[in-house]
Every structure is written in C-alpha cells, then in structure tokens.
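Have a look at these structures, which come just after this line.
Look for chain A in each of the two complexes below; its partner is chain B in the first and chain C in the second.
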Partner chain A sequence: MRETIVVFRRELRSYFLSPIAYVFGILLVSVLLYYVTEATLQNGARATAEPLFGTLPFMLVLFLPGLTMRLWAEERKLGTLELLMTFPVRTGQLVLGKFFACLAYLAIVLALTIGLPLTLGAYGKLDWTPVLGSYLASLLFAGSFVAVGMFWSSTTRDQMVAMLLSLVSLFVLYQLGNPQNIEYASGWMPAWLVDTVNGLSPHKYFVSIARGVLDTRDLVYFACFCGFFLYANALALETRRTKG
Partner chain B sequence: MARTQSIVWERGSTPALVLHVLLLLLVLGQAVYLASRHRVRVDLTSDGLWSSTTSTRDLLAKLDKRLVVEAYFSPKEKLPVAVRETRAWADSFLDELVQLGKGNVVVQRFDPNADKAIRDKATRVGVKPLELRSQSSTSLSVDVHWQGLRFVYGGDKNKVVPQFAPGSSFLAEAVITPAIKEVITTQKRRIGYMEWPATNPQGAQAGPLGWNVLRTLDGIAKRYEFQNLKDEDGALLPDDLQTLFLFRPKDLTDRQKYVLDQFVVKGGTLVAFVDAAEYMVGPQRTMTKVPLALDANGSAQKLTDQLLHYGLDWKPRLVADLMPDAFQPRDLIQGRFEYFAVPQLTPFGQQLSPIEYPYFFHPVAIDWKDVAEQLAKDNAGKVDKELAEQYRKLFVPGMPSDEFVFQAWKQQKRGPGFYWPTWVGLRSKAGGAPDLPPDVQGRVLLWSSPAALVEDPPQSLNPVGFGDGQQRLDAYQKFRSKLRERLAAEPRQQAPLMAEVRGRFASFFAGQERPKRASESKEEEARKAGEAAKEGEQKPEDPAKVDPNGPPKPDAAAPEPTVVAEVAMVERGDKPGRIVLIGDADFLRDDIVRGDYAQAGGPVSGRSAAPFFAQMLDWLAEDKDLVALQSKVATDRSLKFVSDTLDPNADPRLQEQALRRKTTWLRTLNVALPGALLAALGLFVYFVRRAQKRTFLTSIG
Partner chain C sequence: MIEVEQLAKSYGFAQALKGVSFTVQKGEVVGFLGPNGAGKSTTMKILTGYLLPTSGRASVAGHDVVADSVAARRCIGYLPETTPLYGEMRVDEYLRFCAEIRGIPADRQPGAIGRAVERCALQRVLGKNIIELSKGYKQRVGLAQAIVHEPPVLVLDEPTSGLDPNQIVEVRSLIEQLGKERTVILSTHYLQEVEKSCTRVIIVDRGRIVADGTQAQVTAAHGGSALRLRVRGPAEAVREQLQQMLPPSAPLTAEGGGDGVTTWRLGLPAASAAFPAVVAEQICRHGWQLLELAVERASLEDIFRQLTGRKAQEAVHA
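This part shows the complex of A and B:
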C-alpha cells in the first residue's frame, strides 16, 4: 500500500510539473464548457447539469488518449521503465499508483467544471445530489477509459500508436452504448449477442448513475471493468519484464 | 499474485496467458451478472423521480381480493432497442407490484405473437399491437410487437392499458397506479351537474359548446358518474345527491335558485364554475363579448345576492393580472400556447411567440408579503416604507390553503391557468374583515397577485386588433400601455379567484313564498282558468258574444291536479352544506381543453385543467389514494436570471437587454474562468521552478 502511495504521489506531482497537464486540462474544460454553457444557461430553462454530463463522455473519448498514451510508452521510450522495474515495488502497485494518480488529476480537472452547477444553483433550484452522483459517475467512467488507455500504452513504446489504439477502442466502447447502433446491430446480430455487446459499454452504466440512481450493479461493473484492464496492464508489463 | 504469475511466466506459454485472461473475464462477468440480479439502488433525486410513491403502496395494501395483471408482452429480446428500454421499466415496476402486493398481486405474462388464441384474446380485451418499423442493412420491415396490460380484480372488474411503454419508473407508476385505483373502485360516486352551453366560435361547426371533455376522460368517468340534473320543470334535487357542479350558470330562474338553495341548506356540496362574461374566440382569435345574464328575465332574486346570503361575494367583474410570473407561460416548449401567442418574425422564420395577455393567467404560489418592499418602490427605485408596511399587512399568499387538492400545484409554484376570470371572495365588512353568516366558516383558496386589475367586462378584449403587420403591433402596444397606465394609477390589490364556505346555511328564501315549478305554475294557470270558466257558467251567457271559432269551453269535469305536491321548504338545515365558487368556467370549456386554438396560438388549457378537475373531484370525495402520485411533480427548477415577480411596470425591452447582458457575462465567466485558473497555476509552478533552478545554478557557481 505504501509503495502504491509513493508511486501515486510521484506521478501526480509529475503531472503538474509538465505542460501537458495544463494544456490537456485547459483544452478539455474550455471546449466542454463552451459547448455546454450555451444550452445550459438560458433564462427559463431547467436548472440541470445534464448537458454537462451528457457531453462529457464524448469529450473524454477525444481527449483521454492524449493523456494516457504517455503513461507507459514514454517510460519505455526514455528507458525509465527498466529502472522502475528494478525498484522494490510490485508491478501491480506500479499500475495502481499510476492509475490513481491519473484519476486524481482528472478529478481535479472535473472539479474545475463545478462553476457551472454553482451558477445553476445560484439562479435556480438545482438538485445537487444527482449532480454529485454524476460527478461520481464521470470519475468512474473516466477511470474505466484510463484503464483501457493505460493498457494500450503498456503494449507499445510509440506514444502515437498507443494514442490511436486508445482512441479507436474508446470510441468503439462508447458507441457500443449508443442505442442507434444497437438498434442497427439487432437487425443482423443475435439478440443475446446484442445484449452482451451493449452490456460491455461503460457509457450505459454511466448514464444509469448520471440520471440520479446509484445502483450496486453499475458500481460492480465499473470495478470489474477497471480491474480487468488494470490486471491486463500488469500482465503485459510482467510479460515484458519476464521476456526482458 | 506475483509468485503465482511468475510460475506461469516461467512456463511462458501463450495458451496459459490466454486461459488466465479468460478465467478472469469469466469471474468478473459472473460478478457483474450476480450484481445485476441482486441489486441495491438508491434514488438520488430529491423529487424521488425513480421511486414509487405511497399511493401505490397504500392502494396495494387495500386489496382484499386477488389482482391479476395480464401482461401481453412480446419477448424482450425481439423488441427494438428503444422499446426494450421501456420494457425494462415495465418489468421493474411489475416486479415491484408483486413484491408490494404480498401475495395479492399476480402477474401473468402472455406472448400474443406465439399463439393465435392469445393474440385473439389480447385483441378482444382491447390490447393494441405496436407496429414498429425495423431496419436492417438490406431491408425495411414493419414488425408487430405487443406491450399492453389488463388488470382483473376479483374476477369481474377489469381495466385495459392498450399500449404501455413507460420511459421511467415514474411514468410506469403514473399509468399503472391509477389503473389499479379504477379497477378496485367498487362504487362510482354520483355527481350531479348543470351546464349552460357557451356560444360557438364563428365559423366553427354548429353545436353547443359544453363542458363534456373532462367529465368523460377515462380516468374520471370510470370512478365518477355524472348525471345531468338540469330539469326544465325545476324539480328539487334528489336527497341522496352529495355533490352538484354548475358550469357557467346563467339565465337562472327563481325556481332554479330555490333548487340550489334547498340543496345546500340540506347539506349538499355545490361547486360552481362561474364567469362574469362570455367571450367568444372568433376568427383570428378576436375576443368578443357575448351577452350573458346571470338572472333570467322576470327573476325577482339576484344570484349574487343569494350567494352573498351564504357568505360568498361574487363581483361579476373581470380580473386581469399584470404580474409577469402570473401570465408568462413557464413551459416554453410544450406550454407556449397555454395563453396567447402571435406570429412573430424570428431568426428561424415566422413563429408563434407568447405575448403578454394579462386576462389569461394563473395564481402564483408565493407569499406576496415577501415582495412588499419591491412593490412599494417608486419610479426612482426608492422604497416607500409606509406603503411597504401597508402591503405587508394587506397581501396574502397566492395559494394559502394546505388542502391536498393544491399540493401538486404548490410544488409547481402556480395554480391552474384561468381565462377571463372573475372576482369570487367572501362577504366582508367595510374594513375587509370577513362577515360570514352564523354557523358558517369560509376561506379564500386562490388569489391573484397584487398587480390585479378589476373591471367591468369590456366589449372586446382583442390585444392585437384587426389590422395586419404594423397595425397589429401598434394595437398591441396600445393595449399593453393602457393596462400598465391603469395599474400605475390604481392601488395594488389581490383579487380572490376561488372561495369556499361551509356550515349550516339558512335558506335564502326563508320567510318568502317558494318559487313554483313550471308544472305547478301551469297547473295553477289551468286551475284559475277552470275557476274563471265555472264562474262564467254560473252567469247567463249572451249567445251573441260567443265566438263559434273560439276556444272550446273548459270541460266542467276537468281532471284533478296531477302534479305531485312538493315537500315544504327547509329554512335551516341540520347538516352542514358546502359551496365552492371558482371564478372561471372557461378553463374547463371543451374547445379550450381540447386545444382547438393550438394552431392559432392558444388558449389551450388541457395541461392544467384536466389534473385540476380530477384532483378537485378526489378532494370533494375526500379520496386521498392518488394524492401522493398526483403530488409527485418535479419541483420548479427553472432558471431565473431576472426576477419575474418584481416591478410589473418595468420596460420589457430593458429587461431583455439586462437578461442578455447577464447571460453573456455568466457564459463567458463559466467558459474562461476554469481555464484561466489552471493557466495561472501552471504559470505559478513555472516561475517557482525557474526561480529554484536559478538558485540552484547560482549555488553551484
């Protein structure tokens, strides 16, 4: 546990010492809020943060690969991964430390959007509990995508390749939860397969929490999804370490 | 973990790795599957949008027979995805019903597509198939799916929901719970009514305009039986009748007034929807007054005096409310034709936009004392403290009652929409204190805002005139300016819009001869004529004066009177009666409820009139079963960047400019500030690190 915290602190610190965190944060928050405020801040409209949390998943699909691509690929490119592996730290602890640091950084970036709900609360009766639920859902959703992005980053030393692989897989995962695509797929896929494929998308579970219902099923899903990709990440690193 | 893995890696086989991952997937998949089977969910919304209400629980607790829910559902996996989502809600709510029913609720599922006999039965009982288009990469087809319900209670009573596709658990409950209420209602409550049809709009198809639509709504008609008791003869109302509705009474004869008097004196509940004037919605929605007399020709007693006798003060004058919060439609998407919209040129072409028409408004559920200071401001914005104090004493909440009929409305912060309403309050003394008869209690249930104007009904209330383009705009500006000038000149007042008195009433006709029924009057005339004839027979008749073509002589052996003698007048009843007076009948009128003027820009009242009428019936019947469900309305969460309740005299253009400035400023702030904060942090870190670097370089020389 202590080792994980050490890795976590080192990683989180590194975010704020490099310009990428600021560029990523400013771009994500500005683009997201630019698209959202127009629809949200209208006199007579309902005080709801739904547009914010409705747009956020797609923004994460676009932006997150840029953040996760460097997590392992950069270490490998710079040759620091081998050094890391020599530390008295297990691979799992390394993976968890990096994962939670990335998640903490994203939580800080997400927290910067709190101004919008505060404005809504100042000029209307905003229902705060679903908003907090939506922030939790966003964090879980972002966590699942970070886990996928980290996995791809661990499989290659080229950051561009990692980013493209992440982008494609995140886009596919996002689209699997899109009802229109499922509708189309149900025309030629067997029903059980359609249900299974639909059940894979984190977007479906994100929507479930963001609407204002905290369900153990959704929490278990996110835990399992993140757990699987983090485990796969650790496996990939271990394989590389074993093979030298 | 590491030791186990290292064993695997030492073996280094790819199949082992794949097996490893597959096993993990299997375990995690199983965990997700189990979690979806045994779920614990918490509804985070403060309005409980995703939880069932006590209405459902209480109704199910009342079941003393078995309630069978026949679900005619196509298999879920064959449904299109959009409908499959609604099936999830339907299944979830039906499961909850079974759980809450504690053995009294059974859900039977049938697939009509699987068996012709089931399909025939579904069609026979009234379930309708959903015909949905389905598109694949190569074809487009129309598939027939089924998703309907039939509730059978105690083997005989049943209710069918032909198609059922709820988008949420609340919508599932909103359909299922009233259906259960209908099916378990053992006896319909009888309600008498009398209505006086309104004038048909010009150009519309002939036929009287009544108040039928709401009475015949499925959810109402299955629980309440309406009986037309408007009797030409003027017979007294049945003793077992508890409630009588009057829809826009007019041309009332003394006999009709006597019938109503005896009804309330004997303990009946009289509910009257009254209008001071009738306005016909003509072509281009020209609002022209049609003659309306409350009392019939030759009537010796005035209806308003009769009501005053019971403690109700109906001033047959029109009320307009100039408070923006009262006349502005709140739902700009679905409810913009609730009041009055006119074609206006917008960036998207000509569209119907709501305009200010203060004769159409709703009571606002705020305590007007709270805004006394703002309303006591002069043109320079200075508060007249003395006036503010006076307002604080004078003003009352728009919806002061906590009765359950108003619960849902209070949550929405507004009552039902009224159209050309009239003043209906309590009889009061000179100082304004209520002056009710002995043994009678009364209260006002709905008030306008303090920006009310009260006037005699004008001949025309068309806000845009009869011209085109600029002429209509000029007419509208003139119409609005005139009202605002009047508001500025008159003292602020609230107009009562709904009032109730209860107690043991004394008859309005006490000490007088009771008005006779039409048949009694006829009989009396016939008897007098007979007596006159008898007197004539006794005198020798001059044959020269007899007209051979004249009417035949009355038969000396005329039949005895056939009219049944009426019970004596009750001058003071033993049981407490009740009168509820609502200062508008138009909002329940068929053409306005149906939305006949929706295409033209309103008025349309269905969205508020129907729930108000249904809730009022339950309130009168003291049936609280559906209150929790009806009260489950989303809290008003509309954003208000500028206040609607303050300063009704303010220039709307200035308000619009202020609104635009504020929203632009807020949007800019919301977009720029988070990025700027992060950038500032980045710069701070950069300068700190640069300083550290310089210090370090200096220290090493």
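This part shows the complex of A and C:
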C-alpha cells in the first residue's frame, strides 16, 4: 500500500512536470466544449449535459492512446523500468500506482469541464443527478480505457506501436457498445450474441451509469474489466524478467 | 553475502551465462571484468532481481533472488549500466522518491538523503532538474540513489564509463570509500580501476568465469612472471647455462645488445621464490657480468587479454 502511494505520487507529479499534462488536458477540454457548446447553450435547448457525455467516449478513444502509450514504453526505453523493477516493490504495486495516478490526472481534466454544467445550471433548471452520475461514469469509463492502453504500453518499448494497438482496441470496444450498432446488429444477429458482445464493452455500462442510476453490477463490471487488464499488465512486466 | 551457484541465462537461443558460480564475503570489493557481452550485466541484473535466471540459484544476504526477491532487493543498492534517472525531476525530489520507495521512515529520510548527498557531493545541484546535469553529476545522482538506504550490498554496472578523467577519479574514490563498509560488485572496462579499488577480481568470458581471486592470485595462476636479465658474457654459453636451470619447456628469449651484452627473458617457474638468486649466483660464478636482474609480473591487462582475447580469435576461426 505504502509503495503504491509512493509510485502514485511520483507519477501524478510527473504529469505536471512535463508538457503532456497541459497539452492533453487543454486539447481534450477544448475539443469537447467546442463540440457541445453549440448544442447545449443555444436558445431553447434543454438544460442537460447529455451532449457533453455523449461526445466524451469517442473523444477518449481518440485522445487516451496518446496519454497511455508512454506509461511503460517510455520507462523501458529510458531504462527507468530497470530501476523500478529492482526496487523492493511488487510489480502489482507499480501497476496500481501508475494506474491510479493516470486516473487521478484524468479526474482533474474532467473536472475542468464542470464550467459547462455550472453555466447550464445558472441559466436553466439542471437536474444534477445524471450530471454527477455521468461524471462518475466518465471516470470509470476512462479508467477501463487507461487499463487497456497501459497494458499495450507494457508490451512494447515503442510508443507508436503501443499507441496504434490502443487506438484500435479502444475503437473496437467503443463500437461494440455503441447504441446505434447494437440496434443495427439486433436486426440480424441472435439476441444472445448481441448481448454477449455488447456486454464486453465498457461503453454499454457507461451509458447505463450516465443515466444517473448507480447499479452495483455496473461497478462490478468496471472493477473486473480494469482488474483483468491490470493483471495482464503485471504479467506482461513479469514475463520480461524471464525473457530479458 | 552473495552466493551464486551454477547460474545460467538464455535470451532465446543465445546463452548469455553458462553456469557461473562464485561467493562474495562481507566487505569484499569485487571487480567484474570481461569483454562486452561476456555476461557481466546479465549476472548483475539477476542479482538485483531485474531478470530471472534460466537455471541455477543466487542469493543476497541470505535471501534467494527468485523466491524471496523483494527481501533480496531490499539489501541491494543498484546502479544500472545506463544510469537511468527521471530527468524531469529535481535531484532532491528524486532522492526523496528513492528513499520513500525504499521504505525509509519519514522522520529518518532527511538524514538518509543528507548523508547520500554529502557523500556524492550533490549539495550544489539539489534544486536542479536532473536532465540539466552533466554526465558526472548524473552518475553521482545514480550513486546517491543506490546508497540512500545504506544497503549492505552495492551492485554498480560500469560506474565510471563515459566520464572524463577527473570525474573518474572522483567516482572511484567514492567507490573506494563505500567499499570500506559494504560489499561491492562493480563491473568495468578500466583495468586500472580494478587494480586500484578492488580486493578481488572475477574475469568472465562468454558466459563463464575464467579467473577468480585476488589480483596476486589471478596473476600468479594465469600470467606467471618473467625474469629479465642483462648479462655481459658469451651469449651461447649463457644460453646453455640458463637452459640447464630451466625446465625444458620454459620460454627463453634473447635480445642482443652491443658490446657483448644480451638481454634475456625467461619464464619464471611457479613457486620458486629463490630462483632469481640461483640464477644470479650461477652467472657470477662463471665470471659474467650481471648488469640487470628484474622480476616482471604480468599485469592484469596482460591476463585479461590472454584469457579473453585468444578465445575471441578462436571463435572467429571456428
């Protein structure tokens, strides 16, 4: 636990010591607000933050690989991975520290979009329950994507490779849970197959929590999804010790 | 302190280590010598827990590096070959991180960091970003990182490579100091470094140990020594006399100088401290003039070249 916190603190701080934190945060928030401002703030629009959270998943597909690609690949390239892995710390603690640091950083970035619901609340009657639910859902959703991206980063020393693998897998995961695709697929695929495929995607559970209904099953799903990829991540790092 | 038994490591089909065994006692400073790719770094990476051995076992301070890896790692300070550092951090931040992750309690951290900083003379650069430091300073930050938790065992992979001569002297004297209280294993290409700061030498070549012992032991076992004489006298008669005294296979070379003086070089038979005296006596008895008599010990460099260079040539011909 103590070791995890030490790694967490160093990681989180390192985001703000490099330009990545600022460039990524500012770009993501600007692009998000650019897309949704028109839809939410025009005359006669409903006071709802739905457009923001409807756009967010796809933006994360585009942006997150750029953030997660460096997490392990860079350490490996610089050799600092050798340092980390010879500290008296279990690999799982390193993985968790890094994961939660990335998540904490994303929470800060997400918090920067709070201006939009605040503005809506000032001018209209905003129902805050789905908004808060959506923030939580976004964080969990982002976490599951970080787990995937971080896993790919642990498999290679080339950041570009990690980026491309993450981008493709996140895109596929996104599409599997995309409501439009589900609707289209149910037309010709057996229902159980649609459910199974759809049930794999964090996107589906994001939509569910974002409605403002907190179901334990959704939380369990996210815990399992992240747990699976974080475990695979630790395993990939451990395998390196054998392969050299 | 360190026990290594039949350690082997393969990377795919390439065998980097082929059964290496050695034991290091507390307080020894061991110099690991060998050409590039001989297995020095691999051995160190296994000792520090970064890599797992393919077979064999190793333990540090009684902790097996595989089964009890975290405990073993706790006893080691490690400076990897490339001196990896988090460039974006300040020196003091970085050292605090290392102290924290090593589990030094918060109240003892300032003291521990202060000692490491003082030893490595980092006071002037504490507030600087690591990336801005010169190579010598980076190396010292790496060393400070390795000693901040006062480990009983230090593993330093080429601690002086790439430094300028002044920095080398500084780092070397630092290692010498550190070696007084702890067990140190260091690898290097600089043979003088081993001659100056190590109490013991291990020479590895192509995944095997080819020599192990104190410098005197290694030179005696592998290099032997030679006796150099300058004698004024009839060359043929001198040769005959010398050959009589030497075993038939012993090397004997002559180099003629002017004025009837010849310089002789003969392989000194092992375990015969009195041999030079016998030679001198014989020469004087014949009435020849003995102008010079010197025992030449093979340097570590000669032995290194002899043990590792010849094999490299064989490999080329194979």
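A few notes on this one:
FYI, the second predicted complex is superposed on the first by the 232 of 244 C-alpha atoms of A that agree within 3 Å, B and C clash if a C-alpha of one lies under 4 Å from a C-alpha of the other, contacts with A are read in each partner's own complex, and residues count from 1 in each chain.
Quick note on the criterion: contacts are C-beta pairs under 8 Å (C-beta built on N, C-alpha and C of every residue); 3 or more make two chains touch, one makes a residue touch a chain.
As the structure is a computational prediction, the values presented were derived from the model and not from experiment.
When the two complexes are overlaid, the chain among chain B and chain C that reaches more residues of chain A is B.
By the touch criterion defined above, A:80 reaches chain C but does not reach chain B.
Comparing the two interfaces of chain A, the one with chain B and the one with chain C have residues 17, 90, 242-243 in common. Every residue of chain A that touches chain C in the complex is listed here, in rising order: 2-3, 6-7, 10, 13-14, 17-18, 78-83, 85-90, 241-244. Residue ranges on chain C touching chain A, taken from their complex, read 9, 11-12, 16, 42, 45, 48-52, 70-71, 73-74, 76, 78, 80, 82-89, 93, 97-98, 100-103, 145. Taken together, the chain A residues at the contact with chain B in this complex read 16-17, 19, 22, 25-26, 29-30, 33-34, 37-38, 41-48, 90-92, 109, 112-113, 115-116, 119-120, 123-127, 129-130, 132-133, 179, 182-184, 186-188, 191-192, 194-195, 198-199, 211-217, 219-221, 224-225, 227-228, 231-232, 235, 238-239, 242-243. Those residues of chain B that touch chain A in the complex are listed here as 1-2, 5-6, 9-10, 12, 17, 20-21, 24-25, 28-29, 31-32, 35-36, 38-47, 49-50, 77-78, 80-82, 85, 134-137, 330, 332, 635-642, 659, 663, 666-667, 669-675, 677-679, 681-682, 685, 689.
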